[in-house]
Structures are given as structure tokens and as C-alpha cells.
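The following pair of complexes shares a single chain, chain A, combined with chain B in the former and chain C in the latter.
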Partner chain A sequence: MTNDSPPTSALDLAAEFLDRRTPLDRVRGVLHRYPAVSPAVVLVLAIIVFGSINSRFFAPSNLSLILDQVSVVGTVAIAQTLIILTAGIDLSVGAAMILSSMVMAQTAFQNGLPAPIALFLGLVAALAAGALNGFLVTRVKLPPFIATLGTLNVFIALTLLYSGGQTVRKAEMPELMTWTASAFPIGDVRMTVGVIIMIGLYVLVAYALGRTAWGRHVYAVGDDAEAARLAGISTGRVLMSVYVAAGAVLAVAAWIQIGRSGAASPNAGADLNLDSITAVVIGGTSLFGGRGVIWGTLLGAIIVGVFRNGLFLAGVDGLYQTLAIGILIIVAVAVDQWIRKVRK
Partner chain B sequence: MSLIEEVTEPTPTPAGVPVLEAKRLVKTFGRVVGLDGVSLKVHAGEVLAIIGDNGAGKSTLIKCLTGAYIPDEGQLLLDGQEVSFKRPQDARDAGIETVYQNLAVSPALDVASNLFLGRERRKPGIAGSIFRALDTSGMRKEAREQVLKLGISTLQDVTVAVENLSGGQRQAVAVARAAAFGSKVVVLDEPTAALGVRESNQVLELIIRLREQGVPVILISHNMPQVFQVADRIHIQRLGKRAATITPQSHSMTDAVAIMTGAATA
Partner chain C sequence: MKNHMSRGKKTLLVGFAASAVAALTLTGCATPASNSGGQGGTGDKIGVSLIVKTNSNPFFVAMQDGAKKAADADGVSLTFAAGKEDGDEDTQIQAIEAAISKGDAGILITPNGPAVLDAIAKAREAGLFVIALDTVPDPADAVDITFATDNFLAGQYIGQWTSATLGDKDAVIGLIDLFDDKAVSVDSNRDQGFLDGLGIGLGDDAVNGDEDATGTLAGGGKYTIVGNEASQGAEDGGRTAMENLLAKNPDINVIYTINEPAAYGAYQALEAVGKDGDDVVIVSVDGGCAGVSQVADGIIDATSQQYPVKMAELGVKAIVDLVKNGTAPKPTDGLDFFNTGVALVTDQPADGVESIDTAEASKICWGGK
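Right after this comes the complex of A and B.
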């Protein structure tokens, strides 16, 4: 609270006195107001530490590798962020993305459809998957955790049934399907189309969340759904739009995934369900909804990539990478709990 | 259309016609009669308090006025014109704003965003129509003017998140929102129930300021001293009916309680 005018009464003086805060409270206040600050600090520290351990870390080829490795989970995490902002969670993002990618690949390979139509059909599949989750949450009133645990299995089964367990290889698909893997040099860093599309999506979603009424409503619904309803917001419609928008984002992730792995495999991406939650949580978005920024998620995804890459370059066993990520998650959520105590 | 203009220049109500009038409202729930032919009137620049024991029909009456319930029988007149509200949004669109007792504000959003929650304004031109950009600076400016006009000195920074405010300040945000858009009537349902003494007084001051600006206020409260402090007239509900309408001048608090409990009649 900023109160620059002189206090006018003894009561105001008392309020002024009560308002005095310790430096730690101030830090907490800043973190509370700017949720992306903590992941930004972690990322800078991680880069300094890993860069000083192994100078190859800063090689342009290594930096572009990190970004490329982050592109799929970074995109999936956009969808996850939207849902977590509404105080939900989506365990089915990875499965829905793979379903979408198999529809894209199979309709192009088996049915011989042109790439744009195949990609569009994959988008339709992802939108339908999002709409199903949205329907279960808003109409059937299932908790998002349970609804998406169910659809996770449904999507995995549908993917395997539809694809017959077959992987579609790069050579079997039109070129546009794997276009996301082609690279542009930006300076010495080699940027793939997938990375650029991911960053473009972040810009788009940041705009939608920060500058439109829809974004305000997403935060309001996640923050306090009852208060949002009383303010005249149609909370069901907002939730539905979030799940469908998440589906659209997952279709883009599916396209990037096909390019990155050079194939569409029904068994890929099982880790993405939880990895996307990891990126969101490390990025400072609250699992309780209503608090967080999309850029934090990008930082969170990059932090995970930097940790894995830096520990690998430092010659640390892969199991310790997983251990480090686990500790990072616990610390991030603990910090979030501490920050949320600002609420009186 | 400016937010501020809505408040300073309400659509003129013909002199003598109540801004809001309810005629013989009946609302039943199965065999339970919630409202049994209740009438009330509110005029411009007046605070009408509604008191009554639990189960007397206060909430049912308010919900019928604000579109949360549809009365089975009876009429609602706004500026002398008959209206019917199918849902709360209809009443809101007609200029009847309600403040709920459970501090219905969104904690993580700032004061300005809360004032405009659910009716955000977009930028003029293609930025607003095609890119749907919010007019954030414009809304903040008007939020600041609204807060200033209501004399809420403790809410100087409209960009501060509501969760950093005290309970009284949060309620002030809710009241300011109702006042900003409630061009006809502002309904306050137990606005001080969750607040301390000092914070309650801030809200009561706000109610008096709303009256000074000519906006009629309907106040539901259990707190007799507060009711007698701000109300011009007091509507007493008892067993689903209006037991009496009194004024703080004509009756004492003891009389009001006696009428509420059926120990006396007006």
C-alpha cells in the first residue's frame, strides 16, 4: 500500500505503523507482484554456474541445442499454464498432443492427404480433445485432475488404436510436416522454425492474457470463481475457452514434435504431461490458480533444459539431473506457498 | 459512454416516482412461503434499510429485486416502468448493482481491474475492435476518479492488488464498483458483517456519500445501531411479510426489535 499523504488521524497513524515491513517482507512483496522474477533469478544463476563449470556451455551450438530441446515441452507448457491459471491441472496434455500428431501423420501417410489438410485435421483432433476436457470440467463438474486423468488414458488408447502402434517416418510424410525442424541462423545461434513458432505463441498468449478482457477473466476465474461469477463473468464459458485454446496450442506442439523427432510415434511424449507441469511450477505460476505469468513458464522450461544440459556437460550422471529437477520443483512450490502468505 | 457520467447524470427519474418499486411480491419454495405479498419503494437519494429476523424473507426479497430469484407473483417497477429480471445480469444491465457480504472481489487483480471486472473497456479503433486490446490506462484513470469522488482516501493507488488491502478497503472496492455502475439502485447485503468497527464506519460513510449523490441505497443489515445511523426509512420483514416501514425518528431501536419479533406492531 502506498500512502504518501500525511496521516490525518490517530487511526491512520496506527495503520501506518502496522504497515511497516521487514526487508524480507519487501522481497516477498516484489516476488508476489512479479511472479517471473524468481525463475529469472534462478535461470541467471544457473547459466553463470554451468557456464563457469564448462566453457562449452556458452557455445552457440549448445545454446541452440538447449532451445531446440525445450521447444516441444515449452509449447505444451503454454497450454498447461492456461489451465493452471484457472486453478485446474491437465494431466492429458502430452497424450492429446501425441493423438494430434498421429492424426497429422496418418492422414498424410495412410490417406495421402496434402500436408495442410493433414495438419488441419490434427488441429481438429486437438481442439476436440480440449473440448472434451472442458466439457467434463464445466458440464459434468469433474475436478480437472480426475477428468484429465481419465482422458489421459482415453487419448493414449485412441492414439494406439488409430495408429495401430505404427510410427510414421519422416520420409513417409510430406515435407511441410517436418518443416518445423528446418533451421535459420540468427547470428551464430541456429534457430529452428519450431523454436520461432514457440516464441511466437508465447508472445500471442502473453498478449491475450495481459491485454484482453479474456485474459483478465481467466485470472479472475482462477483466483476466485465465485467472485468472478458475481461480477457477471460466465465462468463456465471462460473455462471452456481455456481448454479449447489449450487444445489449439497442443496441435502446434504436435507439429513441432514431428519436426523435432523426425517422425510421428504413438509412444513419444509420455513424459510431457508431467514435464509441462514442472515448467509451469518452476516458472512461478501458482497451482492454486490466478497468479503467474506466461513468460515465467518459458523461463521454467528453459531452466529445466539448462539444468539437464549443464549437468550433462559437467559430466554428471543422468539420474542426478532428474534429482536436481525434483529438488527444483519442491523449492519452487515452497517459494510459492511462502509468497502467497502476503494475503492477509 | 463514460463511467463517471453514469453516476453524475443518472437518467432522470420523474419527480415523486420511486426509482424502484416492488408490488405484492410472492415467492414460494415448494410449500414454504418465502415472500407473502411484500411491497416496497425506494426514492432517489434515500437509504432504505431492510431488517428482520433470520428466515423473515430479507434475502428472498433482495434476490427477487436483483434477479437472483424470479418472483411467482407481483410486479417490479423501475422508474415507474414494469421490468422483469430473468437473471442477475438483467438487473445489473438495468442499473441495479449488488454488493455481497462475502467480499466478492478478485484478490489477485488490482483495484482498477476489479472495478471494471466483467465489463472491461477496449481501446478505440482497430486496437480494440480487432486486437481486442484493453484500455488499461483509461480504466485506471476513471477508477481513480471514482475512488476520489467517493472519498475513499485509503485507496489512492488503483494499481495495487486487492489482496494487499484490508477487509474494509476490499469492501470499499466492491461498493465503489456498485456505485460506478449502479446508475439506478445500489443494494448492499450485510456489507459490514465481515468487518471490524473502524472498517464498518468507512463503509457507512460510503453509503452516506452515495445518498448525497442521489443514488438510492437498499441496505440489508443485522446491526441495529448501523441501520439507525444511516437509514432514512426502515423496512421490517417478519414471517415473509412486511411488518412495518418506520423511520429512525418515529421509532426507537427497541421498537424496531419488538416489531421484528412480533412483540409489538407499528
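Right after this comes the complex of A and C.
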């Protein structure tokens, strides 16, 4: 905002001072427009630091290993991102995923169904779980935190009741069920099918969020639900579709999980619920909805994996990994708060 | 979230939530567990409560099955309760209080933490006989007696087996523990027992990971400890732990795991990089039926088998004996608990280390398949 004539009154001077754009403001503006920049910077820095502490970190086999290690949480975090973009949160994603994986495994093992049908039934279970959450949020109008807190316990109980606490192992299931663990070795790098599926899903969701009307509606509902409603968007339907889409993503995550563990266990994924939120938050998506890029979540998930792997290779006690992740989360949310203050 | 709920709606929601919580708490207090067969204590039946850590762990499910068998045989009225997860003390405390008000004769419990011991003291004051299962509480006299596996001995068995199998070869050791953010006795007992069986100096035997990283084994070869990784005792954690250990040192040839699901996950990681051959040794503890079949399949090389079903059965019988004959159970000589036994299970017996093979072990194993 420049005046043609030099400012004279104290009011003008004050106005000009307040309107100034410092370099920090410019940074904030960039981060506001491209939310994936901050996690990208953190990731690059982390890789450099950990690589310099232990050069084993840089080995292509190690870097591809990290991708494989985050393939489950990275996929679950896609579902979490969709929900957080609508200014919601889902505490039950991990539990719903485990329920889906047990349905897949048990229908194949106990009922002897062929793998594609078993996988489909797992998808149905996950979609039902998502629909339940969506119903509670859109019809019963519960806050997502409360609704998913309840369904978290429901899914955990259902999983144990259904599976009887029994794990189903690779040898008891058709090969297709663990196909996600098979890998294409390219030199020293191991690219598992699971990682490829995860990245493919990210591309798909990025397209849906960035280039379709549905995606724009998701952002609108998250940014200001009331304004979106007044603009003619059916917020109930958008929210429902988000929760059901999240369910579908969780079914894919369940398939990847079975591949990695070589088993479907009701005790798996103990920390998945919170770890998925961690990935989303570190990835620069705002917890208050309406802002964030799906690629940020992938970066967030990789950052967590990099920190865990890097700290371990550096010979640091496991507790420091937990501490580091905690600090990352706080810094990420604080940066998000700061970015929100940008003045357009 | 720009949430402009009207005042009235907000009060309604809060009121609804509060009454729901109150209702649930009241029902929770009344029946913290599923009741199998009437009220205990009043009337002819002897009442016993079995309170385990969590019922998502097949180990504790096996305990419940064992207790049920003994209860049916002796005409005991058995009540089950379990924490919602490992470490959930509140549910267990509620169950203890329910047992006291029901007038049970005794409680069998795997305590989830020190707060539970206070409730146990109240139960003992009320005249209930309290038996701890699986883990000796700290202090040991917080309960009347413990029926447990000697987890340190279990670790020593697999350590000794590994030592005998290695001979004078060098060992590059990876240790896959249960937690890295909680200190649980089973975690340190098994880990330290294993290292002791190999002849490695322990430092503090209640702490994992404080040993010298290199040194000499009892068998004469040199050892290198690559590190300790936590697995949460499940397959996915076992896999990630193994992958990280391999990233640090790909030459690992000895792997200790806290339990068989973690060992299974570790094996997946080894298989993925083609290291699942005979020169890599995986040992574990538990002896569940699934674990025994994994020993038979060559996924695990040796495991120490424990007997949770026996623990629960003996526990129920002990309380029945006490009520009918007044005889109280006594600890095994030299220990501060009653040892329910540990056996080494392997199909590759080693010199000087007693073991049973998988065929025998699968007859007495616990849990499903």
C-alpha cells in the first residue's frame, strides 16, 4: 500500500508501519500459499543431519526401507487428512483399519472365501465404519472428536469379538492377501507393492482434492462450514462422502498392513490412531480445517519415519525418538498458528 | 472450527453427555466383568475373581480358559475381569472392589501397575486371599502368593541354548524388547536372562541396554550387541524393530525377541532381505501353540515355554483348598513365588541344555493354533 505523497500525519505513519511487509511476512505468505514447504524443508534438513551422523542412513536400501516402514501410517494418514481438512478429526482410524484387516483375513481363513472376495468384504467393513462416523457427525451432529472417540471403542470391541483375539498368519491366507509385501528390487532399492499403492493413492487423492469440484467443496466446508452452506454446498453430503472415502482408504491400508506383518493381528497398529494425526499435523495441514495439501501429509509421515530411523542409527535411546516427535508436533502446530495470521 | 451452537443446544449436549457418563459409570461399577454362574461367596459356591491385564492378549485368554476348567471341576463361581489395555489400573481396581462387595473367597490377578496393589491390600484386609499370576508384584508380599513363570530363567534357557549352538563362533546380537518407554519386569527379566545365559555381563539386571556393546561370550567367541528396539510385542512392531537393527548392522546372526509375535514379525523382515537362512538364529519366549508351530516350521529356532493355563488352574485349586481345608499354598524353595515351570522348546537340541521337541510341546501348549 503506497501513498503517492509522503505520509504526514501520525495516523498515516502508523498505518504504513502496520501495513509493512517484512521478510518474515513474505515467508509467512509463501507458507500460507504452499503449505507443503515447511515439512519439505524439515525433511531435507533431517536427512542431511542424520546422514552426516551415520552414513548408513544414506544407503538407498535404508531410504527405501523408511518408505516401506511408513507405508501403513502414510496410507492411514490420507484418511486422517481428508477428515482434518473438514475441520474434523478421527480418533478411530487405526481401530477401523484393524477391524477391516481382521474381516479380510478371517473371511479368507475361516470361511475359505477367495482372496478378492475377502478383500472386498474388508473394504465393505471399512466403508461401514466410515459411514458410521459420517452418520454420527452429519445426522446426529456430534462433534467428530466425540463421535470417533466412541466409535474407537466400538471398533476395538468388535475386532476382538469377531476375531476372538486370534491372529491369522500368512501361511493360512491366499497369496494375494500379502501381495502388498512383494517387492521390485531395483539395485539396492526395494520398492514394495505397498509403497507403490500408497503413492498411487496420494496421487489419486491429490487429484481429487485439487482438481475436482468435490475437492473444492471439502476445503470450503473445512474452512467455513456455514459460509459453504450459504453458498449452496450440501455440507452434510460432503462430510459423509469424506468419511466414507476415508473408510475406503483404510481398507487399502489394512491390505498393506497384512503384507508388512505377514499376518492379520488384532493387536497390531497400537499407535496408529495418534501417529496418523502426527503425520497430518507435521505435514502442515491445519487442525482447524480448510488448509493443507495431501502431499504435506506424506512428507509428515516420512519425517516421522526418518526421525525414528535416523535417531536409532545415531545410537540414541528410544525415548529420545518419542521426545523428538513430540517437539516436532508442537513446533508444527505453532508454525501453523503463526501462518494463519497472514493478512491477505 | 467456527461453531456457533446456541446456548440452549450447548447445555442440552453437555447435560446429555454428563448423564450418559454417569449412567455408564454406574453400570460399570455394578458389573465390571462378565459373570459366569451366579454370585460368589453367598450360598454354597466358592467365589473367585480372575482379573487379568487385558483380554486382547491370547496369553490371558488362555489363563481364563484354564481357570474356567478348574472352576467347573471344583464347583467354583468364577468372575472374569480385564483391563482395557496393558497398564489400565482403574478397571482392575473396580473389579477388586466388586469382588470384595460380592464376598468372594479369593482373587487371581495379573496386576497392571502399583495402584492396583493398594486395592489388593484392601481386599486382603477384608479377608480375601489374593494370588498374583504371571508376574511377581513389587514388593512380593503385596499379595498372599504369586504363581508365575520365572521369566529370568526362561531367558537364561534360550541364552544357554544359543551359547551351546554357537560354540565358539562370534555373535552379532540384536535385541527386540517389549517397550522402550515403560519399564516392565517381564521385559527386563527375559532380556537380561538371555544375555546372562550367553555369559554377557549385565550391569543393572533391571535395565535393558546398559551392557557393554562388545566383549567375549561364555563359549569363547566375541559378541557385538547392535542395539535394543521395542516391538510392542506384536508382529508389525517386530518387523520394524528387525529392519532398524539390520539397517544398523546387516551382519546380525543372533536375535532375541520378547515373544513369538515379535519373532514372527522379525522373521518377515529377514525373509524380505533374504537373511532367513540357517546361519541366523531367532529365539523367543512364550510357548503358545502358534509359537510352537513356528518353531516346527523353522521360523523360530528355540523358545521357552510357559504355562499360563497351569497358573490359573493351580490358582483356583489353591483357593478351593484354602476354603475347604485351610491349607495355604507355599512358594517354591529358594524363590519368592510358586514356579509354574518353564521348558525349552526346540527341534535342534544343543549339548548340555535340556529341551523338549515341538511334538511334545504342542501337546501342552496354550492358546489357539
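In this text, the second predicted complex is superposed on the first by the 320 of 344 C-alpha atoms of A that agree within 3 Å, B and C clash if a C-alpha of one lies under 4 Å from a C-alpha of the other, contacts with A are read in each partner's own complex, and residues count from 1 in each chain.
FYI, contacts are C-beta pairs under 8 Å (C-beta built on N, C-alpha and C of every residue); 3 or more make two chains touch, one makes a residue touch a chain.
All values derive from a computational prediction rather than experimental measurement.
Q: Between chain B and chain C, whom does A:Arg190 touch in the aligned arrangement: first, second, both, or neither?
A: So A:Arg190 only meets chain C here.
Q: For A:Thr167, using the defined touch cut-off, is the partner it touches chain B, chain C, both, or neither? Pick first, second, both or neither.
A: second
Q: Answer with first, second, both or neither: which of chain B and chain C does A:Ala87 touch in the superposed model?
A: In the superposition, A:Ala87 touches chain C alone.
Q: Report for A:Arg291: first if it touches chain B alone, second if chain C alone, otherwise both or neither.
A: first
Q: I'd like to know which partner A:Ala270 touches here: chain B for first, chain C for second, both or neither.
A: In the superposition, A:Ala270 contacts chain C only.
Q: One more residue to check, A:Gly232. First (chain B), second (chain C), both or neither?
A: first
Q: Between chain B and chain C, point out the one touching more chain A residues.
A: With both complexes superposed on chain A, more residues of chain A are touched by C.
Q: In the overlay, answer first, second, both or neither for which of chain B and chain C A:Ala220 touches.
A: Touch status of A:Ala220: first partner only.
Q: So which bits of chain A does chain B touch that chain C touches too?
A: 224, 226
Q: Considering the complex alone, what residue numbers of chain A touch chain C?
A: So the residues of chain A touching chain C come out as 56, 59, 61-62, 65, 68-69, 72, 87, 143, 146, 160, 164-167, 169, 171, 181, 183, 190, 224-226, 257, 260-263, 265-271, 288-289, 308-309, 312-313, 315, 317-319, 322.
Q: In the complex, go through chain C and note every residue touching chain A.
A: Per the stated touch rule, the residues are 1-4, 17, 55-58, 61, 180-181, 209, 227-230, 232-237, 239-240, 243-244, 247-248, 261, 264-265, 267-268, 272-273, 290, 297, 368-369.
Q: Flag every residue of chain A that touches chain B in the complex, lowest number first.
A: Those residues of chain A that touch chain B are 1-5, 8, 11, 15, 29, 32-33, 207, 211-214, 216-217, 219-220, 223-224, 226-228, 230-233, 290-291, 342-344.
Q: Using the touch rule from the top, collect the residues of chain B that touch chain A in their complex.
A: Where chain B meets chain A, its residues are 88-89, 92, 100, 102-109, 113-114, 117-120, 122, 131-134, 136, 153-154, 156-157, 160-161, 163-166, 177, 198.
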